[in-house]
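Right after this note come the structures.
What follows is a pair of complexes built around subunit A, which joins subunit B in one and subunit C in the other.
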Partner chain A sequence: MATVYVFVIVGKGDQLLYEADLSSAGKRDDSPHLDQFILHAALDMVDAQVFHTQQMYLKLVDKFNEFFVSGYVTAGHIKLMLLHKHRNEDNIKNFFQEVHDLYIRTLLNPFYEVNRPIYSSGFDKRVKQAGKKYLT
Partner chain B sequence: MSRQHYLKAGEVAFSKMDKVSAELLALTYGSLVTQLLKDKEEIESVNVQLEKMGYNIGIRLVDEFLAKSGIGPCQDFRDTAEVIAKVALKMFLNVTADVTGWNSDLTACTLVLHDNPLNEFVELPASMAGLKYGELICGVIRGGLEQVHMRVSCTFVKDVLKGDDTSEIALEFKEILKEEFVDEDE
Partner chain C sequence: MVDETVTLPQPPAEVAESPFILLCNEWIRYTSEAFMARQQQQQQQQTDSKSNPGAAADGTTDGRPVAAGAGEGSSSSSSPSSLSSADVDGVMVALEEMGFMLGGKIVERLTASRSRLQDEKDIVKFICKDLWNYLFHKQADRLQTNRRGGYVIQDNTLRWLRHMPPMPDTAPPHKRPMAPVSVICGIIRGALTHLGLSASVSASVAEPPCCSFSIKIPS
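Up next, the complex of A and B:
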């Protein structure tokens, strides 16, 4: 059975900037259509929790049946969110920090407009590498 | 004068210069280029504009270069190319270039840049394939040489931003400009 990891970056105005399915190969016994609903529902929880801590990493922000949602909010209030079934805080934290780094590099690219979807293939590749490294 | 001599002169000149954060430079140049892209409709006219801006920088910068670098007159165009590659680029951008690919008349060569601080953070989208991102540098070289009576043409032929292995600037000597004397009595 596949391990589920779905990663999204959500910008200002709840605009979706980037989405990646980092799940391992294999058949899932649930419907992948649920992913977006659960992540979407967790957005409000992120907004509620972000002011309760000084950390960027918010740990678990929401649960739905056997799904967990972890969140990470950058200083510019860009939300990195990960949907997963296994609890593994340290790895998820490391993953978020690495993707945060990658996001900053993307932001410094003069051809990237702030709060627009990220189409860079280099970014996509490196996020997937980070996913392989930390989330397997 | 030898290459080693120029390399050393470049180091000395660089150490005398005021420094500015590389990130500040890269981001400023980046916003300049993207603003030009917004203002102009065609990418080709952005290249032209960047080259013109470089030219205007070059005609001023050459005086500072000659004053601070302590480089004497060049014997020939090969000498000039070496001075640009090893001293001028080092002094203002802290990079050096290799001069290769001379033609048989010794009037055209290629400068292979080892690094380009303007390219930092930059990732060109596929739609910008025609953009010559660093074209400003070519303008500076053309402007600078024109002030010392050499007309050259200068342009990027390879760019790491476009997936090439190296960044290369083609430099071609055109003519020596003659001083024009205007007789006021006539």
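Up next, the complex of A and C:
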């Protein structure tokens, strides 16, 4: 039985920039694609919460059955969202901060335009490492 | 085209993150795109008119930056000093576009460690203080606001214009230092757009090194 963690980065205009399944090893028992539905529905909640706080880390943004969605919004309104089953605020906050750092490094690449999907395998590898470090 | 990758040693952090290096990177990206576009165009020309040797000769002057000129379409920028005014305008637009991409990226970096800004005034103040500090190691000298939703940022000793000779107000446009100023306009516009305010930015250099940037925010 795997602990489910699904991570997405959504840009301005609700464009998907990056998606990763950071669940621990094992079989997942949720229906396929349900995680994408939940994260998509949570986008509106993130946009609403953004105006209530000055912080980047918006703790718990949405809840669906037994799934929680946590959000983190950068200054340029890029949303980092994580779908999870267990609440783990500190670790999730650290994970978001580390991915934010990685995202800024992606931005430093002059061939990467803002709001485009991130295809870099180095970025992918590092996000998965961060996921292992903080989430499982 | 030879496909080679060269591994370079890591530069020290202060150099790697300096705005000048970022600008050079943007320049590389822009000229490489212009070069690829021009190559494609030449290949098309060559396949269209194989019997015309003139097309091949034109292709040898590739996208080498000519003074302030970036690889501009197929306009005849053959001699360095004879840039037509259309070329110059095209260059300014290109520089502004590079500044635009830079602005968003720089702002994302600078705001990483602080809380998000939500007020229009806070955003403009952030530009005057933090962005200016990052680019020029000092804050902007004056920020004025006019009632119709516009702001004017004034800087009396703009570092990038420090070594220009003083010039009277009546100097013709092609002698004015519009290139660095276009980049700054683009950076400001990119920063504003990235933070959520779409605006138009224009600059006026009254007398270097003193210049002012006016921001118009349509409401």
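We adopt the following convention: the second predicted complex is superposed on the first by the 136 of 136 C-alpha atoms of A that agree within 3 Å, B and C clash if a C-alpha of one lies under 4 Å from a C-alpha of the other, contacts with A are read in each partner's own complex, and residues count from 1 in each chain.
By definition in this document, contacts are C-beta pairs under 8 Å (C-beta built on N, C-alpha and C of every residue); 3 or more make two chains touch, one makes a residue touch a chain.
The model shown is predicted, which means the values in this text are computed figures rather than measured ones.
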Room on subunit A for both subunit B and subunit C (clash or fit): clash
First, second, both or neither for A:Ala75, with subunit B first and subunit C second: second
Partner chain in contact with A:Val114 - subunit B first, subunit C second, else both or neither: second
Partner chain in contact with A:His100 - subunit B first, subunit C second, else both or neither: second
Subunit B versus subunit C as contact partner of A:Gln55, first or second or both or neither: second
Contact breadth on subunit A, by residue count: subunit C or subunit B: C
Partner chain(s) touched by A:Leu16 [first = subunit B, second = subunit C, both, neither]: neither
Partner chain in contact with A:Ala41 - subunit B first, subunit C second, else both or neither: neither
Clash with subunit C (superposed arrangement) - responsible stretch of subunit B out of 26-34, 80-88 or 134-142: 26-34
Where subunit A meets both subunit C and subunit B, residue numbers: 108, 110-111
Residues of subunit A touching subunit B in the complex: 105-106, 108-112, 119-120, 122
Residues of subunit C that touch subunit A when the two form their complex: 17, 22, 25-26, 28-29, 101, 104-105, 107-109, 111-112, 115-118, 194-196
Touching residues on subunit A, where the partner in the complex is subunit C: 50-51, 54-56, 73-78, 100-101, 103-104, 107-108, 110-111, 113-114
Subunit A partner contacts - residues on subunit B that touch it in the complex: 23, 26-27, 29-31, 33-34, 121-125, 128
